[in-house]
Every structure is written in C-alpha cells, then in structure tokens.
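Labels A, B, C and D are assigned to the chains in the order they are written; within every chain, residues are numbered from 1.
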Amino acid sequence: MKRLTILVAAALALAAPPAWSADQLKATLGQRGNWDTAVIHLGTKAGIFKKHDLEIETVYTSGSGETLQPVIAGSVDLGFAVGTLGAMAAYAKGAPVRIIGAEATGAADYWYAKTSSPIKTLKDTDGHTIAFSTNGSSTQSIVRAFISENKLTAKPMSTGNPSATLTAVMTDQVDVGWASPPFGLKEIDAGQIRVVAKATDAAIVRGQTIRVIVANTDALAKRRDVIARFMQAYRESIDYMYSDNPQVIKDYAEFVGVPESVAKRVRDDFFPKALIWPDEIKGIDTLMPEAVTLKFIPEPLTPAQLSELIQIQGKK
Amino acid sequence: MTGRATRTFVPFALGFGTLVLFTLALEALIRAGLVNRFIVPLPSQIAGAFGRVIAEEDIPHRFLVTARESLWAALLLALFGIGFGVLLYRVRLLREATETWVAALASAPTVLMYPLFLVIFGRSETTIIMMGFVAGVPAVILKTIEGLAGTRRVLIDVGRSFKLSEVQLFWKILLPAALPTIFVGLRLGMIFALINIVGVEFLINFGGLGQLINDLAERYDLPGTYAAICFVILVSVVFFFLTDRIERWLRPVA
Amino acid sequence: MAETGRLIAPAAPPIAPVTLVRVAIIVFVLLFWEAIARSGLLFRDVVPPLTVIGQALIALLAETDYYRHLGVTAGEIAIALGVGGVTGLAVGVLLGGSRLLARAFEPYLYYLGPTPKIIFFPIMIMWFGVGPGSKIAMGVISCFFPLALSAAAGMRQIDQVLIKVGRSFRAGTWAMVTKIYLPAMRAPVVNGVRLGLGVAIIGTLLAETKLSNRGVGFLIINAYSTFNMPRMYALLIVVFVLSIGANALIGRLGGVDQIKRA
Amino acid sequence: MAVTRLADQVPRAQSAAPILVVDDIVKSFETPDGTVTAVDHISFDVAPGEFLAVIGPSGCGKSTLFNIIGGLIEGYRGRVAVAGETVRGPHASIGMVFQEESTFPWRTVVENVAFPLEIAGMAKAQRIERARHFIDLVGLTGFERRYPAELSGGMRQRVAIARTLASEPKILLMDEPFGALDEQTRLLLGDKVLAIQHQLKQTCLLITHNITEAVQLADRVLVMTYRPGKVKRMVAIELPRPRSSEIVSSDAFGRSVAQIWGDLREEASRGMRDDERHIAEHLS
C-alpha cells in the first residue's frame, strides 16, 4: 500500500509540469464576467501574477454571501466583490475577515427601459416600477438614492439578476430594469432597450465603495507578504487593463463571449479606472447608517473597529 | 396499559434524548473551540435567535406565503395529477405511450429548469408554484394509475353484477378503492413540491421561508440562518404529521 | 413545418399505434414550442425557435471543454451516490432490523427527508470548502434519506416466512444477511438508489450553480447569467437525457430477473 | 445414485424407540384480551418411518405447535426431543416445510434446493449434483433454471419440499404444505409425497386442517381440540400401503374420514359459536 502511494506520488511528480514554486492563493469571486471581477483572469492571461510568483485559483459564486462564507471558513484566502455591508456584518459578529482593498467604488450598473416605453430619463419614472436585484443589495441602495435625490414617486421592485430582470422588462412585469455591463449592451445595440440612468447618476453612489476585497484574518496574519504581493500584481493588472494594449480587450471579449467592440465599450463607457482601483474605501460615513437600517449591524462600528477591519494591503 | 405506555415512551425518549445529547455535545465542542463558531453557531444562540427572527423577520407572514404557495401547488397537483392519471387509465393507448415518460420525468432534475420558469413566469409566486407542481406531478399521475389499475378485479365485477353504469362504477368502486394509493401519490408529490418550493425561494431569493434563509445568510446572521432552517424543518414536521394522519384515516383497516 | 411533415409521413400504416401516439405527442409539443416562439407571446429571446436550440445543442456536443465539465459533475455524483448509498443502506438495515431504533430515530429521518437540502449548502461550503467536496456533500445528504428510508422499509417488508426458512436451516447471521435479507431487499433498495440518484443529481448540480468554477451546473448558470438561452436549453436537454438514461440503467441493472420474478 | 441417506441407517420397526418425542407442551400468549393458552398439555411420539398427521380446527394452536417443534418459538413448558436430544432452536434433524409461499424468488429452482447445502458449506459442484437429485425426486427435472415466478403454485411447493429434503432431515415437518392449492393438485401432490416417503422411508409429521389429506397420507391422525388445543383423540388409519389418491373413493377411506369428522365437527362448531358470540358482543 505504502509502496503504491510512493509510486503514484512519483508518477504525479513526473507528470506535473516542471515544478516552479509559486505561492498559491485561493479566491472566491462574485458575478463572473463583470469587468471588475475580471482583473485576476486578465492579469493571469497577461502573465502578471506569474511574474510575481503567484498562482491564483478562482471559484465563481452566485452572490456576495456565498463569496464571503468560504473566506470566513478559511477554505479560501480572498473574496472579491463582497458587499461592503456584508463584510461589516461579518466583522461585527467577530468573524475572521478583514477588508484589504476596494473592489468597486461607485457602480457601473445602469437602468434601462424598453425602447417602446415612454420612459426616457429618471424623471419619467414617476408612478412606474423600477427594478433592483435583491433586498440589501447595492442596486437597492442605488434605486433608493435615485428616488430620494430626485424626489420620485417610482416604486422599487425586486427582480433578481440581470437575466431575470431583462425578461421582466421585456414582458412588462417591470417598467425599468437594471443591468451590469456587458449584460444588455447587445440589446441596446439592437435597439430593444435604452439606458434611462446610470448608477453614477446618484450622487451618493459616486463616492461609495459598495464592494470590497476581503481576506481571511488567519491568512492575512500568516501570509501578509504574499497577499501584499498579490495586491501589487492586482494593481499592475488594472494598469494593464487600462493600457493601450489591444490584447486585454480581446481577452475580455473572449472571456465573456461578446464582440470586442462591446468589450471596449464596457471599459470606456462604464468603468472609469477609479471605479476598480483598490486603494481607498470611500463613503463609510454614508454606508454605516445604511448598514444599521438594513439590519446588517446593530450599531455603527467605532473608529477603532474600522481601523481593525480595514487594512488596505500593498498600498504605496 | 403500562406495557403500551413504555413501548411508545422508551423509543421516544431514546430518539429525543439522542437529539438533546447531540445538541449538548455540539454546544460543548463549539465552546471548547473544537468546532469553528463562525461556521456553526452555538445551539443556545440559535435558540435565542428564534424570538428575534420571529419578531423582526415577519415569520408568520413568510410562513403564510410559503403555505399559500404550497396550497396552490397541492391544488394543481390534485386537479391535474389525478386528472391526468384518470385520463391515462381510461385511454389505454395514451397510457402505453406515455407512462414510461412520466416515470422518467419523475427522476429528472426538474428543479434545474428554474431559470426557464423564471423567464416564462417572471420572478413571482407563479414560478415557485409551477416549479413545485412540475416536481410533484409525475408521482401523483403514476400513483393514480397504479391505484386505479390495482383495484381488485372482483370488486369491479361486483359493481358490474349490480349493473352500475361506467360513471357509477368509477365513482362508487374504482375511485374509493384507489383512494389510499392516490393519496400516497399526492403526499409524495407534495413532498417533492415542498422541497422545490422552499428550494426555489432560496435560489431566486424570493417569497417566504426560503428567501429568509438567503437573506439572513447574506447578512451573516448565522444564528438567525440556522433558526430559519429550523423553521423549514418544522414545516416539514407539521406537513409529515398532517399527511400521515390523513393517510392512516384513508387506509382501509387491515 | 417541413420537418414535422417528414416525421409524420413514414408513420403511416405499418407502425404500432403506440408509436404513432408518441410521435404525435412529440410533434405536438415541438409545434407548440415553435408556435410560442414565433407568436411573440413570450419574450422571443427566452423562447427561441427549435432550430436555434438545435444549433446550440450541436455546438455544445462539439465542445471538448463541455465533456471535461460533464466528467467533473459525473464524478461528483458517483462519489456522492457511493458514500450516501453505503451509509444510507447501513442506517436503513439498522433501523429495519430493530423496532426500538426505528421508533426512536426514523421519525427524524422522515422530518428531514422532505426538507430542501439546498438550504444546507452554506454549511457544506464551510465544512467542505469551495471545491468538489461541498458538491459531493450536497449529493450525499440528498440521497442519504431516500436510501435509508427505503432500505428500512424494504427490510421490514421481507416476507417473514423466508426468514423462518433461513432459521430452520440454521443459517448464521452472515448467511442470513447475505443470502436472505439483502437479496430480498433488492427491489426496494434499487428503487431507493433510483430515487437517490435523482436527488443526488439535483443536489450536486444546484450546488454547482451556486458556487463553482467547473461542472455542468456551472455551465448552466453561466449560460443563464449571460442570457445565452439556446445554450441553456441545450444544457438542460443534455442533463435531462443523461439523468433519465442513468436512472433507466440502474433500474435495468437492478432488475435483470425482475420480469421473471414479477 | 451416489447419494446415501441418513434415514437408511434407521431401522424401520414400529417397536423401535420413537424418533420424535413431544412431551407435555404448554404455550400461552399475552394478548390485549388477556392470556390465551394456544397449546395445552400436548404429548405424542412419532416412530421412525411413521407418518403422523395433526389435525384441528382453525385457531386450535396447530401452527404454534409446528413452530415449537421446529424450534422457532421459545418460552413454552414441556419438552421436544429428536432422537433423544432436546430441541433448543432449529434442529438439524428436523426439516420444515411452510404453509406460505417460501421459495426464494431471487433464486432459480436448483439454487433454491441447494440452499441448505450452501449454508452447510458444501462445495458448489457437489451441492448442485445433490440438488438435482432431489429435484428429480419431486419430479421437476427440466425446470432447474427456472425462477419460482415462472412456476405454478404446486410446482413452487414441490421446490420447497425438495429444498427441505435436501437438508436430509430425520423428520419432515410440514405445516399445511398444500393449503394454498386446489383440490386436484392437492391430491396429486399427496401422491408425490407418499411416493417420496415410501422411497426414502422418511419420517413425516404433517400439520393440517384438511381431513382428506390427513387420511390419505397418515398412519395415525392426532385430532386437536379447539382453543385451548389439547389432544382429543389419536386415530389409527388402517389403510394399506403403498397408497395412492385413488383410495379416496374407497369405503375404508370414507369410514376414517367420517370418524375424524365426528370429532372435528364438535370442535369446529365451538369455534363457530365463539365467532358468533363475538358478533353478538359487538352488536350489544
């Protein structure tokens, strides 16, 4: 039995590609296909992580909760696109997570209506229904901001993910839908729908870090240098994503399965570089009361707690 | 008398005792740090969360939503499931052609069609009800056929000897004889429906108790999440008891 | 329309009426779908025409990557069924063999049986990680219950006289288990395995849609979230066909002499 | 035939020591209505090679007696001994044939018959050969590879008998083995059993409620009383051997039947009265 194990191990060692001793990190990511969650994929394709002696294994999830849970359990080291409120909630309960960077400051989400609908701008939505994904999500905060900032009488309605929302809009179950690019750009081009508003139309959203990068506390303590190196590579990847290199658009288009023109529009029209730059968590002062209202945390976090929770890594 | 009492009490005590012991052991293990308390909350915390979840998360309402969906699904199951079963039993050709299909459908992972239902019915209670219905209907159809076809020949002959019409024969002999089996099918179908209803609520984050679990998990309210899971189990317990009683009442005395 | 015409034509005289009815039903369903697709009653992109789905299906089957994902999922389900099957059978035999244990613990199995297992997924992620482990665990807890319950019921349904026969020939415990209990329980156990397979597939695939980077569930949810409906339908068709096939195979394997025994 | 039988070594003299001794058996059950005595002080002997039938009305404790002698029930007073050895649990010298359908549906005929030999650890080739011998004995040659579901009820019961015979018991203990069969099959199978018994010099103990069957087969018939089951009478059947079912039409046969029916009628009527009292109690 033992001999067999050795044999198998030897065979595996021989079969494996020449062993290069890269540091490995595991990460969960929400929303596969979004520009902001494609950083690791694109950076890896360009060999940036390899250059830093890193190997990243990514697992895609269907939501912020599922992204966070494995981080807390320690089965992955990093979590991407975790809702800021969710991260705060977990921390407040004593869960071993720390915010190590911003994932999205402001949002690229946009709201749209059917082309045949009379709704052209947010002002026209009075008395109509307007979609957000689920309770407690960032899209709900944005819709609430739309309504309060513009004094609208529109009715918010939970419609789930962009696919379900598009169907709801096209079958008149809801008047204004939401989507996150590149989703829906094809329909916009085809003239089926038109954009009514962008998330950044809500003043409050522009300065809010709505999604963050989290790390398991244990992993952070033991492999601080690896994680710092990772964040360095992450920043380099973002720099590369906004460079003139046409390869990045090609890779992204292939990753998501859209034409390159659409891929380029996603970056140029919806995602300013500042949106995905990880160095600063913004808008804590407006996020905190919201977290309390939505029952994510029982009371606001103290400054001491905040400085323990937020530990930006690898910032120059 | 005392013999009967001990006969029911001893197993109950053993089962319940084990459950209590298991809970206590879990509490001890978590307190000792052997099980990660950020993964499994203390059972005492879960118990404490019950009151809070009931009060703050509108459990009665959510319960009603899930119950309403289940009721609709049950209605559709009874109507179409038994209806199709009777139809297939009466039209022999149709039965020969489709019975194996229905059986195959019973084993197919219909819940995976939830995106399809979402796109057809929207993110609404209708989707959830229809998912429950689709999951449960093959069992009802199959058991209805089984019950009708399993009616003892001699009972039908008795009916004929009394010169009952086809319609009378169906209502007076076939249906009563098949009822216990049909109910078994209805119960089975309802179990599948219930699984799918709560499951889809959880998956699409909409509706009653299933959504609550998702919501609480998203907020990282672990004791609350577990308390909500306990509520769902409670629903299945209630359901089990109710249907078990009805089934016993329907079953002919052996 | 032209296609359906071709389907009906050869089905004229020599074909059995049952086949005719089957073909008619299939044609009706396809026509119904096509009519909805063309009518615009439902959102067109959601209910694509049959030709589009057909193309997606062919494209899918030509993809080598798809088979890798399929292999991952099949492996997970097989392990889940193995683990859940052995534990379920063992627990079922214990419960079936002891009236006390059955009365003490079986109600809890009945309570947990109808509970949708997907709600335990967050716990499984935490215990078994984000890899195949948590999906296998979902499969295991899904198929454990029907297997344990049908094994217990099967054990109790064994004709008492067969047990008496074994005792009258003074068979030992091992001989009783291997030569009488297990063969006599085969039908309910195979039935339990079939039920278990169905729910194991559901549990595993749903888990994959929730959190994964490979597997058929991942492909399905990916197609859905990019609104690639034809591909999603193609995947669903493949999954349905495969699971129905696997089910029939188990039934066949379990009942080689079923007809003779009937 | 290379098969040797233990029974051959037993002398067949009626005067020899009894091979089975049933000594003062008492068995009671607890029921919701109180304690019921099923078997009440029953004693009898069976001589080697003898065919004894025990007959009684429904509810007289026949099956209880069968299970006690077979060693399947415990907790009774009295003693059962086979060849001088007290029975505690199923005994190798006693082979049981059950009233119910008892062939294994998942085994072919030959596998069914080989079952006791398999349990005893006999090598496969050898046990198949022996099984074939007994299949031949019950007249099922050619059906070895069939499954029970492919056979008629009578054929299945032959398989069960062959299976028990294969274990080479000193005593063949049968509980209404033809109870589920029609009258003609029952008579013809009786012939088969008679032939086998004659050929093997097999000691048999038959439990039945069928008078024709008892008289057709047995040397002596023990008539039991209705609840509690006691020995009412032991009747010797003075019919010549070898017998066949044709004997059913003879006068001697009719006299034996009439004699037993006279005893049995009284007991069966008591059973019927019991039922009627039950109904009356229920109505009042």
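The criterion applied here is as follows: a residue touches a chain if its C-beta (ideal position, glycine included) is under 8 Å from a C-beta of that chain, and two chains touch if they have at least 3 such contacts.
Small disclaimer: the values here were computed from a predicted structure and weren't measured.
Under the contact definition, subunit B and subunit C share the contacting chains A. Taking each chain's centre as the mean of its C-alpha atoms, the one that lies farthest from the centre of subunit D is A.
In this view the innermost chain, defined by its CA centroid being closest to the centroid of all protein CA atoms, is C.
One simple way to say how far apart two chains are is to compare their mean CA positions; for subunit A and subunit B this gives 38 Å. Inter-chain spacing, taken between the CA centroids of subunit B and subunit D, is 49 Å. Between the Cα centres of subunit A and subunit D there is a gap of 81 Å. Annotation for subunit B: residues 36, 39, 115, 119, 217 touch two or more other chains.
Counting only residues that touch two or more partner chains, subunit A has 65, 69, 72-73, 163, 167, 171. A list of each chain pair in contact follows: A-B, A-C, B-C, C-D. Only residues 8, 10-12, 14-15, 18-19, 36, 39-40, 93-94, 96-98, 104-109, 111-113, 115-116, 119-120, 191, 194-199, 202-203, 210, 213, 217, 225, 229, 232-233, 236-237, 239-240 of subunit B touch subunit C when the two sit together in their complex. On the subunit D side of its complex with subunit C, the touching residues are 70-72, 89-90, 92, 94-96, 98, 100-102, 104-107, 115-116, 118-119, 147-150, 163, 167. Residue ranges of subunit C in contact with subunit D, taken from their complex: 159, 161-162, 164-172, 175, 179-180, 183-184, 186, 257, 260-262.
Those residues of subunit C whose C-beta lies close enough to touch subunit B in the complex are 17-19, 21-22, 25, 42-43, 46-47, 100-105, 107-108, 110-120, 122-123, 126-127, 194-195, 197-198, 201-202, 205-206, 209-210, 217, 220-221, 224, 229, 232-233, 236, 239-240, 243-244, 247-248. Every residue of subunit B that touches subunit A in the complex is listed here, in rising order: 36, 38-39, 56, 115, 118-119, 122-124, 204-206, 214-215, 217-222.
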